[in-house]
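Once you scroll down, you'll see the structures, which are given as structure tokens.
Look at the two complexes coming up: chain A is in both, with chain B in one and chain C in the other.
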Partner chain A sequence: MLAENEVRSRMQKLVAEILEIDVSHIHAESRLREDLGMDSLGSLELLSSISEELGIHLDIDDAMGIVTFHDACVFVERSMKGGEAASGARA
Partner chain B sequence: MLLGEVRRFSRRHLDAAAIERAGRVPEDVVRGLADLGLFGMALPVEHGGAGLTLRDACAVIAELATWDRSVATMVGLHTGLGTRGIVAHGVADVTASVLPRLATGEWIGAFAATEASAGSDLMAVRTTARLEGDTIALDGEKSYVTNGRIAGCYTVLARTGARGHALVLVPKDTPGLGIGAEENKLGIRASSTVTVSFADVRVPASHLLGSSDRGLEAAYAVLSWGRTLMASGCVGTMRAALDASVAHVTSRRQFRRLLGDFSAVKTRVADQVAMLFATEALVDSAATALDRGDPAEALTMAVKVFASERAFEACDGAIQLHGALGVLEDAGVARLLRDCRVTRIFEGANDVLLLRIAAARLTGRARTTRLRARYVSLPDLAEECDSLAEHLDAAADALRAAYGAAIVGKQGVLIHLGRAEVAHLAAVAAVVHATKEDDDTVTLAVRRLLRDATGELDALADTTDVERVSARVADRLYAAAEADADGAGQRRAS
Partner chain C sequence: MRALVLGASGFIGLRVVDELLACHVHVRVTRRKSTPTILFGPRPLDVVWASLEDRASLETAMQGCDVAVMAAGYYPRYSTDLGTSLELATRGIRNVCDAAIETRTRLVYTSSVAALGPKHADSFADEDDVTPPDPAEGVYPTVKKAMELEVDRARGRGLDAVSLLVGGCIGPRDYRLGTNGLLAALMRGLLPFRIDGWINVLSVDDVAVAHVAAITSKSPRYCIAGHNVRFDALLEQVAARYGVPFDVPKVGLDEARARADAAEKEAEGKRDRVPFPRELVDLVAMGKPVSSSLAERELALRWTDLDEAIDAARRWMMRLGVTKASGTQEERREHAR
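For the complex of A and B:
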């Protein structure tokens, strides 16, 4: 499983690519919509890219409360742990 | 009262054919509009405006558009995109010096956001704004700037050095600002559309409209106003198309009968009436929401999509009813069609807006609006709208479950969902705006819109396959085109 800082660095890179901004402008407290200008389509694109990049399933329902970049990272980390627990349980 | 004056002025001075031939809105028309106070109608009273609500301003734009769409575009753009950012975000010194000029029409407002490589995707703008001490320096080039040649100032969306974007007010006479040639367009040919370039253009830092890094959010809010005003112009176009249709079918005889007596013609005319009613209702809902300060971005996107598509349909229907006469310029309906075509593209291309509407639905917590609990004059239709709302919610839930975030790659699916959402919103607006006198019109409107929405939801089941097959067809064609281009290149080289 990826380390927490590795997840965050990949997420930062993805957000920067989608929004076409420099990674240095994305901070934990940056609000995706208000501070970074990410609209609903951008949010879906981000979730989809993360799913693909990290090979995990992300549930949109659970992603609805995401406001900041930190929220998004916590959500992904939780989803990764959930996925790991589920595959462990299946094994 | 203002509407009456606008109508009298328009009847006397707005000759759409002559204005189109001239390729510009005549000076005396601009002066007359200014004398009526139309450039200041929605600006604050303390800065020389009339302080009208957006809803009232929309009524004026609809009236102007009934007579001439270029004139309506000029005034509507000024009222929305051209001045809204200044009113909402300008600092006191700037609003005090700029808004009175804009209110009198001494200056006309313009909005410069689109670039050669940044149309619907505003995040991709490349024009830069650097804050250097007490000045802002702009560099870059904006395309398709409506009112561009006649504007006194521009609200410019630019990328800021620090992060994000900013809206910056730039007066036209600022050194380094260049204006390109007028574009030769399909329609609204008297509306000015030019490229505006910025070469180390410097304005005071006080010309920053809002924050230096949240300009996109400010731009989206301004666009909500602009889209609603543009949709009200579509209402005017639809009224003109309906008037022309009725005038023709009640005077033209075929097969020994008036055209208007045939049931197929009556059905087509009645559909135009019903869609006009629904469009007016939806524009009214959006304008009222914005006047109240409600979050209405998704609603204004829906209004823009719905109004522009219904207006184009109304013009196409009017041409069909006119027969061969409809394609002759003298009949006037061909111009209506040409003039409204761009509204499906500018201020956000409809396909992109539909994707955003669907994405907002899939990523939002809100369930679809239900009418049952409210008082409405047509309970049966309200019930049918609620039934569709349940189908919409169920469809969204099913898509989330089936695709998760990967739904963003299924654009065909998203567009069907977006269209269903838009049709539902229009049906709800029609029911909410219903009065006892127009039961039949509302019934026709709601039934058609619910049919449209149901069709879009039904299509969701087929879309994946349609997308896969479409991708194969398109890819084969692209590969062939690429091979042809390579061959042509080699032939030229040899």
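For the complex of A and C:
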């Protein structure tokens, strides 16, 4: 499983790519919409990309409460742990 | 049967996918780099890369399919640039039509009631009332009419196609908040103004059923308009049903257009949606009662009750935190006991 800082680094790169901004503009408390200008489609694109890149399933309806970049990272990390727990339970 | 769905991550497209899967159809969907594939979830789909801008990729995607559903019709977010909107929309639909002709694939095209012509004085509009594009009617109706015209031209080149002229769709999972956005704005007290006119609204579930039925339909075009209602009355009914204040100022069409244009200009830089976009103002302005009797007869369609459709949309919007309405009258009575 990826380390927390590695997930954040990948997320940062993806946000920068989608919004065409420099990664230095993205901080933990940056609000995706208000501070970074990411609309709802951009958020869906971000979660789709991270889901594909990390090979994890993300439940989109659970993701709608995400406000900041930190929230998005926590959501992905929690989903990764949930997936791991589920595979462990199956094994 | 194998079906290709273009625009499968959209509000209508995804619901069509589910209806096809429920009918045991093998479903292939297209994606681009920016497609929010997260919306596909765990559905058993064959996902292929294709773009409306790339006819060869469309031909490859259609290979081996009996039917292609075109639910990716260009949907301008803002009504600010007619030229670019028209160019993108017509080029995309032309590529889809040409690919369908080349691969001999039947096309089910998701069109709009906006393609229907001016108001009738005393009768319902129907499938015979599609008129040529008229820029005076606004960007959205002009684009939809131009796309319908492209499909008609392609029929002349041998395309086997059916167009579904769909009304405003209501229901869950409208992540882009189209018609549902108006309801959300009303429920949140954010609707900036209201206007009156005829609109045609229906459950997205009915639209999905229509698409599947149209795969084997006889006629080349069907109006899937659903319920014909006065817009003002609908807003009042929704406000009363969910106990939200209905103190939205009523304005004339010219003022509504001006306010929607100004809001879109301001929102464009931030890529925001506006609560009452120009596209919806234009739809109400040119709205008219539309007869869906051909679809009712030939596609065996029945319309979901409008309150039921709005309840479903609201439940989804509340779950996502899009709106925080206080409940239907029944729910409030139940709560008071």
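Rule of thumb we're sticking to: the second predicted complex is superposed on the first by the 91 of 91 C-alpha atoms of A that agree within 3 Å, B and C clash if a C-alpha of one lies under 4 Å from a C-alpha of the other, contacts with A are read in each partner's own complex, and residues count from 1 in each chain.
Note that in this section contacts are C-beta pairs under 8 Å (C-beta built on N, C-alpha and C of every residue); 3 or more make two chains touch, one makes a residue touch a chain.
What you see is a predicted model; the values in this text were computed from it and never measured.
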Since both structures carry chain A, what do chain B and chain C do when superposed there: clash or fit?
clash
Examine A:H57 and indicate which partner it touches, taking first as chain B and second as chain C; both and neither are also allowed.
both
Winner on chain A touched-residue count between chain B and chain C: chain B
Touching A:G37, do we find chain B (first), chain C (second), both, or neither?
both
So, A:D22: does it touch chain B (first), chain C (second), both, or neither?
first
In the superposed arrangement, what residues of chain A touch both chain B and chain C?
37, 39-42, 44-45, 47-48, 51-52, 57-58, 60-61, 64
Write out the stretch or stretches of chain B touching chain A in their complex.
123-124, 162-165, 213-214, 216-217, 220, 355-356, 359-360, 362-365, 400, 404-409
Given the complex, residues on chain C that touch chain A span 34-39, 41-42, 175-177, 270-273, 319-322
In the complex of these two chains, what residues of chain A are touching chain C?
18, 37, 39-42, 44-45, 47-48, 51-52, 57-58, 60-61, 64-65
Quick one: in the complex, what on chain A touches chain B?
19-22, 25, 33-37, 39-45, 47-48, 50-52, 57-61, 63-64
